[in-house]
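Each of the next two complexes has subunit A plus one other chain: subunit B in the first, subunit C in the second.
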Partner chain A sequence: MAHQIKSPLPGTFYRKPSPEEAPFKSEGETVAKGDTIGLVEVMKTFHQLHADADGILTSFEIEDAEPVAPGQVIATLD
Partner chain B sequence: MQKLLIANRGEIAVRVIRAARSLGLKTVQVHSSADADMLAVRLADEAVEIGPPHAAKSYLNAEAILEAARRTGADAIHPGYGFLSENAAFADRVAEAGLTFIGPNGDIIRLMGDKAAARQQAAKADVPTVPGSNGIVADMDDAARLAAEIGYPVMIKAAAGGGGRGIRIAENEERFRGHATQASTEAKAAFGDGGIYIEKVIARARHVEVQIMGDGTDAVHYWDRECSLQRRRQKVWEEGPSAALGDARREALCSSAVDLARSVSYKGAGTVEYLYDDESGEFYFIEMNTRIQVEHPVTEMITGVDLVAEMIRIAQGGKVRPGLSPRNGHAIEVRLNAEDPANDFMPFPGVVGRLEIPEMADVRFDHMLYEGYAIPPFYDSLLGKLVVRGDDRADALARMRTALAKLKIEGLATTKPLFEALLDAPDVQSNSVHTRWLESWLESHDLSKGRPVE
Partner chain C sequence: MPVNVIQSGIMTTIQDMGRPGYYHLGIPMGGAMDRYALRAANALVGNPEEAAGLEAVFMGPELEFTEAATIAVCGGELPPKLNGQLRETWTAFDVEAGDILSFDFLQAGARGYIAISGGIATPPMLGSRSTYAIGALGGYDGRAVQPGDSLPIGAQKAQGRAGKSIPNDLRRGPTEGCVLRMLPGLYWHRIAKKAQRTFFEDTWKVANEADRMGYRFQGGQPMEFVDREQPFGAGSDPSNITDACYPYGSVQVPSGTEPIILHRDAVSGGGYFMIGTIISADMDLIGQLQPNKSVRFAQVDMDQALTARKERKSMLSALRDAIA
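And now, the complex of A and B:
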């Protein structure tokens, strides 16, 4: 069953801890509940976004460094 | 100069539009796609969208801003604060495009933006500097030797940092070596420049700063401000003049800032920042900001000068007003941020509900708000600045209390409860504060009992 990870916050979504580093998670990777899958920048402060279920991350539904709205789907798990 | 483009957003864009209008200039407000509804867009004569929400693609996009100027026929650009305001390459490009940049030229921004070079310039102008490395430290062993000589704790700063970013404190040599290596790596990643320098930590320092204005030949000061109340190295409360300084120290401080400005033939508005050590009465240069600052209204309230209009006038070739600026009373400013003090200052982007702004003598609210406005989450959390003037500091504190009580921003969590609590703090009332006072005070004061959302 596909599971969607949603952002609770509005802001800018980032897949990497910093521009020079590798993404937290790649598509096809196994993730465990509690793993950090990205950051949301809200008013210049950064908040970690955690997986709320176990599974295989099949796709990111948002590009790196793109705006995100509360409730928007970030990634899909299988 | 006929038409001024404002390359910024939020409350400072509103402020610049008002100043431009007072000088009879037309205004062009650029904005990101997330800011189409902002107050400055509504107030400006023209508005141009320059890119997506992310600042790197809009407010930091020099190409798009210059294109907007060309398309609208703007002949001058005001950069506000933050964003491109202290970007020397941008100032150069504006000038190369045949437009007027409201601020110093690229060379002065470059010199003062390089903290190590600025420090050397200050020393050359006989402005006292904090004991530390003379410029960037290259070799770790030399750096550790110097740190021991200065005496721990020492501060490690990124040469290319700013606004409190890239600063670390080391208590001993082992920590120093670790922090210095890390600071250099991080600065390289964040700013593309891994240069670091080191400074003595002044244990209980006040942050004092001098407002200066130069016309490329002469420079004058508009007195000092004190901004010791900071959280995470961000100022939250500013006042002026500093109640900690006597007349003789104030004169020495303000003259040193003018000396520094004159030594670089400074043009435009600028702020020379210092640490002031209460115990020794010594002040030390820390950096110079080559832009208009958030807290400039403090100075405007006590001097009656419109600093933003003044910097535009100087960019048009005007001269500084000769002589010593008059100064009347004491002013205090607090920064109303969309942050929840009851929840560790969590950002609170939301929709502005009912808005009530105090209308009283000697009270001013510089802001970007209107009822129904949705605060975008993409930028800093500053909503506005409440500024009051009193005959003396006690009078200003009393007026701030009244003005804060009358200010209502419904629908959002704001930092208003923080300031209400601070007004009751005996140390604030007696001005017994230093730059690390607020953070330790916050640890022992629970602000979660207030009602943050009105």
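And now, the complex of A and C:
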């Protein structure tokens, strides 16, 4: 059963903790509830976005450094 | 009997209509970014319109009630859920002791206002309960609410308000293609004629740096300045002036690139020129802008600004009549 992880925040979505580092998660990786899968930058702060379920991250639905809106799907889990 | 904070969202603050009168000392008036929405929410539950409520930006908090109350959520479309069941925004509803209020994803706007019958009864500071976090003033111990906080609620609760609802035409919020009206100001002459035109022609986008102090905009053309020798006390950038007072709503454009509108928690002065001031009637709308949304600016004169202020007042009167 596919599960969608959504962003509660508007802003800019990032897959990496910083430009030089590896992404938090890659497609095909196993994630556990509570794992950080990305950051949303808004109001001069970076907010961690956590997985709200366990599963295998099948795809990211948004590119790195793209604008994001509240309720937008960030990733799909299987 | 208090309301317990279980989750606080990203930034949920206690706000009322603010503390005017101290700006000359550097303390901004603060208060709800969207005052109309807080007034509406308070009116729905039978509170004085100036009572303190919660301002939740982008995400709603999770709250537990310890006694019966009537509540309403107005402003941005931040759908409330009572014990997991969706409820209407802009509509008063009853809660019982033990009920949990949470929120769905924000659907439109930026800030939801939660009024609770009785009003939040934290100690006022300089005449207001509004949270000025940078100055550690008002709010809950001078800060935004956090999980574990117990919010005191006033004892004067109106009865029989559940089901009252603001008619659709009186629900004010941002629409796609929001237009903010600006009265050009003292330093308007400092930018070239072309920049005076393109500022109003260009479509601007709300930047991520958008908070209670100010809203930054990107995407329009950089401004060219009229040449001058910088006056004594001004910095070397052409956007610098000798330090001056910053009005609420003033539009400063550091280096002529990204306009910043100062809002309720504004700094009171500094050395950037201001091309004009957003009219008071449109300040609430700014508080409902999300990052990445498109905005245009429109030029108005003083008569048009005062007419808009009157229209806004009559809308508030219509709201009071509609739910009396």
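The criterion applied here is as follows: the second predicted complex is superposed on the first by the 78 of 78 C-alpha atoms of A that agree within 3 Å, B and C clash if a C-alpha of one lies under 4 Å from a C-alpha of the other, contacts with A are read in each partner's own complex, and residues count from 1 in each chain.
Keep in mind that, in the parts below, contacts are C-beta pairs under 8 Å (C-beta built on N, C-alpha and C of every residue); 3 or more make two chains touch, one makes a residue touch a chain.
The model shown is predicted, which means the values in this text are computed figures rather than measured ones.
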Tell me the contact category for A:20 with respect to subunit B and subunit C: first, second, both or neither.
first
Could you look at A:11 and tell me whether it touches subunit B, subunit C, both or neither (first, second, both, neither)?
both
With both complexes overlaid on chain A, does A:62 touch subunit B (first), subunit C (second), both or neither?
neither
Identify the partner contact of A:73: answer first if only subunit B is touched, second if only subunit C is, both if each is, neither if none is.
neither
Of all the subunit A residues, which ones make contact with subunit B and with subunit C?
9-12, 41-44, 67
Could you please specify the touching residues of subunit A with respect to subunit B in the complex?
9-12, 18-20, 41-45, 65-67
Per the touch rule above, subunit C residues touching subunit A in the complex are 10-11, 57-59, 105-107, 110, 208-211, 290-292
Can you list the residues on subunit A that touch subunit C in the complex?
6, 8-12, 41-44, 47, 67, 69-71
Subunit A partner, complex, touching residues on subunit B are 34, 52-54, 56, 189-190, 338-339, 346-347, 349, 377-381
